[in-house]
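By written order: A, B, C, D, E and F. Residues from 1 in each chain.
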Amino acid sequence: MDIEIVLNVSSAILFMGVLGLLLSSLLAFANKKLWVFEDPRIDEVESLLPATNCGACGSAGCRPFAEALIEGKVAPALCTVSSADNITEIADYLGVDSGDVVKRVARLACAGGSHVARMRAHYDGLASCRAAAVVSGGPKGCTWGCLGLADCAEVCEFDAITMDKHGLPVVESAKCTACEDCVEVCPKGLFSIQPVDHRLWVACKNLEHGDTAENDCEVACTACERCVKDSPEGLITIDDNLAIIDYSKNGLASRVATERCPTGAIVWLDDDRGVIKGTQAKRIIRKEALPI
Amino acid sequence: MSKIGNDNITWGTFSEGLWRDNPVFVMLLGMCPVLAVTNSAINALAMGLATTFVLLASGALISLLRHSIPKQVRIATYIVIIATFVTIVDYAIQAISLDLYNALGAFIQLIVANCMILGRAEAYASRNRPLKSFTNALGMGAGFTIALLCLGVVREVLGAGSLFGIDLFGPRFEPWVVMILPAGGFIVLGAWLLLFEWLKQRKERLELEAAAET
Amino acid sequence: MSTPETEVMQQPATPAGPMIRTLMGIAMLSGFLVVLTYQLTKPIIEENQRRAIEAAVFQVIPGAVARKDFVVNETGVVAVTAENPAEGIPIYAGYDQAGQLKGIAAKAAAQGYADIIYLLYGYEPECQCIRGIKVLKLAETPGLGDKIITDANFVANFDALDASLNDAGSDLANDIVTVKHGTKQNPWEIDAISGATISAKAVGKALNLSAKALLPKLAPQVEKLREDPPRQPPEQGEEQVN
Amino acid sequence: MSKKPTIELRTSPHAHAGGDVVRIMRNVVYAMLPICAFTIWQFGLSALALLIVVTATCMASERLFNRLSSQPSSLGDWSAAITGILLALTLPPGFPLWMGAVAAFAAVALGKALFGGLGMNAMNPALIGRAFVQAAFPVAITTWTPAFFEGRFTSFVPTTLTPPFLQPPVISDWVTSVTVDAFSGATPLALQKFEGVQMDTLDMLLGTTAGSAGETSALLILICGLYLAARRMLDWRIPVLVMLGAAVTAGIFFLIDPVKYPDPLFVLLSGGLMLGAWFMASDMVGSPVTPLGVVIYALMIGVLTVIIRLFGGLTEGVMYAILLGNAATPLIDQLTQPRVFGEQRAGK
Amino acid sequence: MGLFDLFSGLKTFAHGIHPPYHKDTADKPIRRLPFPAQLVLPLDQHIGKPAIPLVKKGQEVVRGEPIAKADGAFSVPLHAPATGRVRGIELMPTPKGPKSDAIVIDVYDGSTQEVLWKQPREMSELSPTEAIQAIQDTGMVGLGGAAFPSHLKLTIPEDKTVDTLVINGCECEPYLTCDHRVMLEHPQALMRGIRYAMRATGTSQAIIGVEDNKMDAVEILRDHLPKGGSIKVESVETKYPQGSEKMLIKSVLNREVPAGGLPADVGVVVNNVGTLAGLGRLLPEGEGLIERVITVAGPGIVKPGNYLVPLGTPIRHILEQVGYEGSRTEFILGGPMMGPAVSAMDTPITKGTSGLLVLNEPSIEEESHKIWPCIRCARCVKACPMHLNPSILGQMAAKRKYEEMAEDYHLNDCFECGCCSYVCPSNIPLVQYFRIAKAINREQAA
Amino acid sequence: MTESLSFIFLNAVLANNFVLALFLGLCPFLGVSGKLNTALPMGLATMFVMLVSSVSAYLINIVLVTFEIEFLRLIAYIAVIASAVQLVEMALKKLSPALFRSLGIFLPLITTNCAILGLALFQTFKEYNFTQSLVYAIGAGVGFILAIVLMAGLREKLELSTMPSITQGAAVSLMLGGLLSLSFMGFAGLGG
């Protein structure tokens, strides 16, 4: 064999060997001196989380939540965005209990669409509930009611809210992750997060009573107290001219309470049949908006 | 997680890189050669093949050695392995055609630094059996090559009026020089991405409408 | 689904030994692979390169079919061989079938529009003129700057570009200059390309610089190049032209 | 009170200074009309055709993108028209119409629609369009025709009507045939840079030189710009500081070597500096909003223009300088946030 | 002293705007209007805790009698503005928006409506604490608009020293002239009030700042200045928002109230001329604040003028008296720059209301309502008296980046003067955005 | 051809900007230019690594040339640079976890960034001496910082605009890169 080639080959291998030795010793040395421990499971758990960083879990984002999970401080089910499968997967990975997975959704305490609730003025400005609310409380006759300018629908990152044809937000339960964004944005505080089994529901926040309330909105709670009388003691009370349901007694709730409500402000939410009003509730056939 | 532990080689193992995780269009990896050498279709093809070779060879080797490489030196090791194959390709191309070699410039050597290759080594080859990572690398390489061709073809046709060096429009055609320039590279890739995004959104919209109808 | 190996992760567990062993092993393996490739491809690449140079030299020296390498330095013109590398300005002498010196090829470079343009040009002692140029490397705008290669009118400038020396033989009689397209009047002027004046000027500048540096030294020594033409002109035919 | 009025609810303030975007934009168009008229008088049919084609393509593209993004038409805000007119004014008068259309499309697509339309764009759309064709068709965009050539109102410059996608014909012969004095086909800047010849100041003021359609008469541009500044449609600081930056930089080099470098007045009057300073650097969309930022931005454009002109490969630098200024605007804005009232001054 | 002062010679601040002033009612003397049939007195007419009602449904009250007491220090009492019978405490619309609790009084038709309830006292005999208590008892709040309880403002925190009382007679809002009239018609009451306030705050000098479009008021005030020069009158440039206390302090004293700080931080207390004129009149009499002067103006008003009205008068009543026209009308409480629009004609005049402005169709139509994207014209930046960057703030608000707005761009220093919206050629409702942003940030912090 | 230091510097910063004209280092350019306060540290880190790699490459090249094993250049360069960067990375993780966190996964990206290797290779091809190499590295670094910071500024601005849905994301970054690159073409030939 050619001597030059042999020389070349050997010097190459030698050089690389020396280089490899040098570098690896350097790294090994650095490894000893500079190593910082980080639990690799954090990455793994984080990759199982939805990466929406929505904060619904109460942590500052998905990674902090992952860290808290590893430390065992929180239960996986607190992430309301993940699907049940995902949560089980995380729980399995960590070998912990997934926690309580009760579906909770956002619910709206107003039924005053444009066809039943009167406007007292014509609002002309930024199309946003927040914006309208700072102008004299907004154009709506009922100053507690939904302004219908869709701030909630806009902030919902999960597209769970759409506006119906009367300008009322409708929550699609399946998509709602209970992230509370809509709760925070609504200037009238109409949304709250409720477990799905809270089926008896007062869809009104109007603090006026009787005709004054009904004048502004045909489906307002008039504080007539029929629901209170028809339901078990203490389940429903009237406070500030509004029916209030004590959900600690949710087990006692039934459709009966809604039956005699004259305006249909109190309703029963059924999984299959949707919103069910009482039989004596005023029929609303109007489709178009009320004039100002 | 689940896809890592799984040992089955499926169509998905291969096709992942072609479309769903296309290294260029979806993951935006290895951008430098993508933009730098795609001013003609032939360069794009050569670069694509060269990269694919390196991807395959290094992927296979790393996958073979995956259990014996300590964590702390893995990057260094991977890089040395990759660099070896790149050097081999480099000399091979020089031997095949000096002109091609000159056209591709330093970018053959820069395959070493192509983020995609190291990324794949890290994410796939080091965690999967050789055959599986080989299959995946083949898909990735093919995806990469196709993406390069997408760019190369557009840029060459508009920028030089030719395709694979064959004149398309006759001598009076006015080439759009910008397409061959760096700016053109960015813009053409941007345009491809726009096109894909548009198609994707249109598909989603149609699906939504179809769902609404039923 | 693997259970996390918590204990393993608590400490930097890998001892230095395996690290060093692996990296060294891989490094040596790489070295071996590379050197192998290098040795295998080396003759082919060298042959490629020789052909490329030759093609370029023969292109700029019309009629040449053989070449010989020299350098020009303080001591004059020195032939270069593998055994005898010499320092200086490298030139290639081109000879025809009959071993007659047809011309000399030399390198030139100047900053163009985007980057430095590298040229090889052929000088013919008989007419004291430049008979051809070949661009070795350029990064000019495709379709524009590369007209210095493709534009027939521009290339025609170098059919016989005057590069004669002054009477004292110490400098060019007239500087080679690039003039605006359509205004060439003298044989030492280069007619620029409209739209790529900068690239064209760079060519002129490169030629001028190189010729000024080289020709005064070379002219007295031309005879020396004729002395020993290469013995067997290499076979012809498969010239590669870009 | 007979009938209860409808109460209007509006947020404060309930007063407005009056004047809106449309009015500003419309006035910019008015201000450019004299320049357009002048260029048509100078270069004839070709300039007219170029103006029409480029502006129309800009507006058509704008409409197209409105459609694609299902937005209402935004032609009403006139900004597409401004983009079109300004773009046409920066092109050589004999520029092939099809290339003009490409430029216009690029201007609207790359410069504006991509980012969401009016006000959202990062860089000056007209200049994006021009930079695009400058890079795409570098020869055509540096092919100049003489001003006031004979027969300009009856026939086109031969390059104007080049069929789409084809190369424009070489017009050096045509140029010699229509000019009495020897027109060298070069702009004042090119003459200065490549031949070392300096053009007469008066010619440049009045516009009897070659150049882009709208850049030749510095005086007219100045007047039209001043009109806008007087009506507060543009911030006079920008053009003034751009010119100041350019003049000072040029002055320094002129003092160093008056033979090699042109004098500041020449720098101010030649090329697109006037048009750029008054109509393009002043585009508020791409310029900073902070008072200090405006100063930095404008000076930077002036200085860069001269640097590129004197040391770069190109003869003209205004376009690139403005684009770079636009690109730096977000940074400048961030770094020059004004001191808020009541915020403690450093050291106090 | 700023560069600007050197040129104009007039005291002023940087930035700001010059809207048309429309001060057509400046020569209309203060008049009374007939009493309405019903008065609506919200319990939270001031900043702070709502007052606590002292009356029951059906109870009879006489003019001037206290009907609600202050709920602690951060609150003020309420007095009956007319003799009549309490109809009840009901939810009534307020200028703020949501309905809130208000005492509703049916006014007796036949009553002479004399003030029947007063406790005259000798002011010079009171100790400072007693003086402050006396001020709280009047129910006085800032009449300049903010309705901040005056006794609190005149109580100087222990860690601060205040050397100057600035009296705000700028009335920089277009249309409004009530302060102007008070200065013209009640200079003695004003001077008296100033002296009380100086005594309460322990300041040795007082400066009345008046915009130079009210030189007649400057003359009259100068005529009434006490000897010794402890009180001065300064004319300042007519420019909006000269009347904002931060701007006024800058103009007359060249002091800058620190961001997020109060005038007391630079040794100043600012009071509106109406407030001090009111105190000057009420304190020695021992009466409560039961009525105020408001300017009723605007293109939709038939008989514009300055009117003295009992608190609680529904705007419907005032409008019926002065006459208004238009089928689409905008009712604004206060000036056009900062005053809120109201959505119900039952809304009452409260302590903080300085004017009632009616804009009708033509003035509404004048504005084009289309909102364009921000074209970064920087007019807002040049207008903002707080030297903020409304341009970027507006863009961030549209993207709901509220926290960043506060953190990086001083959102909280915006006092909602409206200069930015006024000049914006794109019609961007900047102030409205900023109000929302601040509200949401406040909620998030809470 | 010997080039003056100022020419080398300006050329690397402007005319032949690594990112916008030479297409090097695009991955971090596109990936980390979303926010100014990460783009700048990234730029600085890259510049630092460029210096490290320039010096290491210069030294290792001397060895390669002495032993006439230039064919090992690529492997040697990349191995040395990678190790040097990994060292820096470890040090950073130890010394400033905050900075390390903000750069996240991009630190390893720098290691194998084409710009770093490209710099080492180009300085060798151009046969720069030690000072020239250093200046070249600084120029390339400054050019990279310039490009990424400009880009970040623009992207932050775009964040506030109402872009059509299809242009959100990577496409618009690329287009912006294209526009920046168009703007930088004005510098072509600077100094020539």
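Just a few scattered comments:
In this section, a contact is a pair of C-beta atoms (placed from the backbone, for glycine too) under 8 Å apart; a residue touches a chain by one contact, two chains touch by 3 or more.
The structure presented is a predicted model; accordingly, all values stated were derived computationally and were not measured.
Touching subunit D and subunit E together: A, F. Distances between chain centres, each the mean of the C-alpha atoms, put E farthest from subunit C.
Taking the CA centroid of subunit F as reference, the farthest chain centroid is that of E. Among the pairs A-D and C-D, the greater number of C-beta contacts is found at A-D. Per-chain Cα centroids separate subunit C from subunit E by 86 Å.
Mean C-alpha positions place subunit A and subunit E at a centre distance of 41 Å. A straight line joining the Cα centres of subunit C and subunit F is 30 Å long. Centres computed as Cα averages put subunit A at a distance of 44 Å from subunit F.
Residue positions of subunit A with contacts to 2 or more other chains are 8, 12, 15-16, 19-20, 23-24, 27-28, 31, 35, 44, 93, 120-122, 124-126, 131, 134-136, 138-139.
Chain contacts: subunit C has residues 1, 12, 14, 19, 22-23, 26-27, 30-31, 34-35, 38, 113-114, 141, 144, 198 touching two or more partner chains.
Shown for subunit F are the residues that touch two or more other chains, namely 69, 71-72, 75, 79, 83, 86, 161-162, 167, 172, 175, 178-179, 182, 185, 188-189, 191-192. Screening every pair of chains for touch gives A-B, A-C, A-D, A-E, A-F, B-C, B-D, B-F, C-D, C-F, D-E, D-F, E-F.
Subunit A meets subunit E in the complex at residues 120-122, 124-126, 128, 130-131, 133-139, 143-144, 155, 184-185, 187, 207-208. Of all the residues in subunit A, the ones that touch subunit B in their complex are 20, 23-24, 27-28, 31, 44, 47-48, 89, 93. Within the complex, the subunit B residues that touch subunit A are 1, 72-73, 76, 80. The touching residues of subunit F, when paired with subunit E in their complex, are 159-162. Every residue of subunit D that touches subunit A in the complex is listed here, in rising order: 6-11.
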